[in-house]
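There are structures below to look over.
Both complexes below contain chain A, partnered by chain B and then by chain C.
Moving on, here comes the complex of A and B:
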């Protein structure tokens, strides 16, 4: 082993959580080393554009299509799900449908940007509804960090839209940017659906199509300055940083925002104090060394490679006063397990969650302008909370602006179907496509999943990657609580479609392939949302959790495991904003401690 | 004498339902012709174009329909339509390959980044290629009736 380095804090992973910690700590004057498993190609403007070219020429344009992994840092890919031969060892009974990206910037490179706060009731599921786990934190204690996170990642929304389901904002607060304008199809749908009543358990719920907060640049409020493209050059020029200060409607949040109007973690890392920050990309953390007596971490071994196409590497040791694992809910856990640090609580790797989600798609009566704008600008949130959660899972509805792209692969598949199956050509073909494509409507119904000790990531010494690091072994199932929520979500979208006069064209047999699960005789094809959570659960009892409320590891007091792995439950919120809020909270704690 | 490129664009106009000027305007005609030559051979492409010219001259739309439904020429014609609409080449059907042979370049692929962006499917949708030719902040809030020509 060579190249021992001394820093105040060693951060593993340059995604959103690691970048926020690195920015805060360097700005507080601490020397931070960030080691990142993947290449840093998205860090330069030209490098980012090369990913855009990769996307343009990819035959399948799935979430990972712009972001191929390095040989030394493999990653899950939705294309591998059907054959089950990808990075994950899918050990059943069901397939885990989500993926993430191991590049500098992490999965924020291809996230949708939805930045919802969790509901106050989400933190108290056990107390209020007798299901799941309670958080050791409540909404009011996290609220200041939500505000800080909304500023750090740049969230566009209006408090007036978001103050419901018990979500409260500090007096006088509004988001740093005005809401992203709702799409034309949102407006059409709202005209038909707003005021519609549905029954949920014993409750009558009145629906409203609602704009949701998104980490996409919009018109700023007050002194906020939208952060544009990342453009780090050797001599310090940042020529492209003014690009992307407004969303321009590229209809491509996932897999790649061409102008970086959508937040990615590189923006945060670029705001760190560069004189205090060292980033080593293409460096795979492989082992955490601990002092056998104190349990304190003494160093992190990492495997540095020069050639992303080759597993050839050299081994190094990173040393600091404190260590922050921000490598992802799965990778954090994998690294702990492979370092022999499973811990005494028996919870590490367990409680793996996602938002197993279903699609509904249909044809509107008149053109709604599909295939234009940010992939989704509004949703229906009214069944995210309520007393029914004692019986079944809550769900949230994303209304797509990208037609049937996610569900069937349209417009390409719509063309292929018209030409190859229907035999259309010439003026008839053009007329058919012009008459149908702009009417495509898609809902994604994202269903809550509760923690379960048997849903887990583990490792198996026989299953390793090219560097000899363990591949994640996933055991995953979807329980009755979530399945009942899925069934409710299906009835829900069917009712909304009827109300809005949308012809339901949901045809699971002739759609993109997704894993299936059966409930009460009905088959559901579910897709993952990329929302991994729960694997290093936070708690106030060391015997039942891996980290405390500061995301500090109970058994290794200078080690922090940050990210959605710390979530006891996830509700129906996309986890990034909450992950960012928790990371900022941890950075505050670390700053105070290291200063002391 | 009509150039090969013009022959190709004439045939493509019949196949796609888009006028010649719009097809020329994509800037893709030479690239697509080159791709066809590489996958099918110049001789086969010439024969196909001659057939299309004769069909259009003698029986108009019915003639083109005959080509689209033809056992040997149909798969090529349909692939050319998809090429213009999506910028992608689709591997020819196994039954076609069994008779006419296979080329190493006859694989599902996006012809180029430009081909993806110039796909006519986006025009038909009244939209823009995902990830390119952005419409601008807030354009998505405008009724498609105001944007579809």
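Moving on, here comes the complex of A and C:
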């Protein structure tokens, strides 16, 4: 544990943020060490295929089904939510419904790929609407990094679809790839819904079904080359990179794109300068050492294990000139807390957010082609912004192409129900299923959540994992503002269903199990979107935030906490694109500083 | 030397590239799921390059005012199909024999079939040999590379005779651009003059025989011929290996983990009505694909977008055939016939 720093920068975590930082810094000539808690199985083509087999043979097809964790790097799992006996210590009052993956590649291995920019107003919630917090950054200052992020992760969309609610793009800019074609159900719904007006507070809002930006390969624009599968083998043998250069409409974006047409962070790490990069997988960062006088980080201890099924490990120290924690909002915080670096502001671990989401589902009058194509290709974004946000949460609507899969477990449960409760078989059973399944419609309404000091992750020395590292203790609640947003979202989808002639079959009692909340007599089942944010929020006042606009830790000047943990608020956009933009910004700052 | 002659040569080039595709598809989809991963990757990678080569040749032909034709009985390929240099492409499953044939397509120096007779695995099912028009139109006995060389020479000569402008008189809107063909073995080149025509044809030749100069291309990737050799020997090339002798680990080739498709099948071979219906479905998809491609080459390139869907339909129909045993056929399975105009069944039962 002595000697000169071998690396310029030590990055903890090989997910999207860490991989982007590693790529940028190695390409700028710096030596980067990435330590990753989980195995690197998805990093080889054969390994990725083995995850595909794991998914095919899994009885449940949840988001984690393709990505089982190592014993030394446990992770939350949706299946554990009901019993409450998973990796998270759910300390209430409500259960926190989201999960993430501790593998090289991170949660991008099973994300859907939605890559929305945040709205300009999302950065100014406090000044504009008197709620939440303002960001220390505004949309125009982040816009160049949004463009860079869209190129880095390969986003397919058309600016013409996305220029609304104040979102502006640089002149002449368009996304690196054309939008993924809308599904048939999108077009059927658009024909019924486009132009419909709804009232939201004092506003009249005109609705439009919009294709959303997706990190899935499509028709490239200009000189952009879609990035195919990750295939890290000896030079000369990397053949699988030809694969996945276009989305083929497979229906399992989540949990696993079988051809890697969807972005995962391995694609970015594979583009790093390999001569400057060292990646150590199966290495759990366990302690950050700091100089007691200067506060500067002097090293990161990590526990290296050889056997993913065993907690046996050895302890090592990684040293660099600068340190970047990119291990996830929860894991970054956990590592800081367990290293005794809670800080003076009292905000570390607090302001934990998600997009608690509700489902609405129904039966269309005619077949809409359910259960085909990417899980979702369009949404309704019109209630993401507006003056009503002074009163209640905004929400975003995902239109599913996967029928009632998520809400009731159809088509399997639909077959079981037809046989067991309706007594159908043979030709009648076939007729019933072909008459109903293709008409299944599903909306997911993803509701904004504001930062709150009492929604938090903390640690408890009595609650540790097999390596003796703390498990995250989660305190979580959903406040009136978000509940009122859920109620607005419910009446919204009911109105849209009526307009489109969709028979509302939403049935909370018989739906797939998710935790519940009650608001004004209505029961809502909410599911997590995997959209963790907050925990180490950025600000321009060291007494109220953990990091500054560069994601640099106020109290440890060579330490950066990157990722959605830095978000003061999240609005309604999926956090990955914004997290990527912030990571690129931080990489720029680090490059300038280390060069100086 | 004339423009007509160039039209004839380039038309043959388009048909030549097209004709290589069905044999590769038979090998690719005859591989049973869950094995032969390297073989699947290699063959897939080659077949998309053949598609790109067809597009590039069509772009050159369109650029000089021609009309590439791939639909219709007289334009669609028929099997078994003899390419220049005497290379016979059979419709057959992934096997040692198919790898040998692919090696010969990729490299004219690769030894030809050793005897006058076809491989035993074809069981005498190589009848009615159809000759590539590239054989009949070229000036003499030729290899694929030499055939393209002849085209390049002709282009240069005619351009100097009648002027580059006059030669490249095609409507630019007929070019297949990256908007309609992408992520398939490379990017198409829009051809408007002699320089872009050379670039387009150089891409075809480099991806084919041009690779022979070194096993590794400019990106450091092993060229297709050597990837096929890795399959032949079931050994991967190490950086230190000499050409022809890969000594690395196995690449997981298992010729038994393959649906044993009957070679060069005809729809008329399928007496079973279900199999015949499946074959008709596959041939309809194939014909549709050729029609869409033909239209794309005739001023409506956007036809290539729905053609992708047709390719999925063709694949699905092929897999149905390949997974089904053929009655009274020594354990062989059915397979796609790639017939434009399937003939009536020879074994149709007489009514009593």
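Definition applied: the second predicted complex is superposed on the first by the 588 of 596 C-alpha atoms of A that agree within 3 Å, B and C clash if a C-alpha of one lies under 4 Å from a C-alpha of the other, contacts with A are read in each partner's own complex, and residues count from 1 in each chain.
Heads up, the rule we're going with is that a residue touches a chain if its C-beta (ideal position, glycine included) is under 8 Å from a C-beta of that chain, and two chains touch if they have at least 3 such contacts.
Treat the numbers as computed from the prediction; the structure is a model and nothing was measured.
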Touched partner set for A:55, first chain B, second chain C, both or neither: first
Contacts of A:197 with chain B and chain C, given as first, second, both or neither: neither
Partner chain in contact with A:228 - chain B first, chain C second, else both or neither: second
Partner chain in contact with A:431 - chain B first, chain C second, else both or neither: first
Touched partner set for A:236, first chain B, second chain C, both or neither: second
First (chain B), second (chain C), both or neither touched by A:46: second
Touched partner set for A:246, first chain B, second chain C, both or neither: both
First (chain B), second (chain C), both or neither touched by A:516: neither
Contacts on chain A seen with chain B and repeated with chain C across the two complexes: 53, 246, 248
Residues of chain A touching chain C in the complex: 45-46, 49, 53, 217, 219-220, 225-226, 228, 234-240, 242-243, 245-246, 248
Complex contacts: residues of chain A adjacent to chain B: 52-53, 55-59, 61, 181-184, 187, 218, 246-252, 256, 258-259, 367-374, 377, 401-403, 405, 411-412, 414-416, 419-420, 423, 425-431, 433-434, 437-438
Contacting residues of chain B [partner chain A, same complex]: 14-18, 61, 64-65, 68-69, 77-78, 81-82, 85-86, 88, 90, 108-110, 112-113, 116-117, 120-122, 124-128, 130-132, 134-145, 147-148
Touch list for chain C against partner chain A, complex: 34, 37-38, 41-42, 44-45, 48, 178-179, 182-185, 187, 215-216, 220-222, 227, 236-239, 312
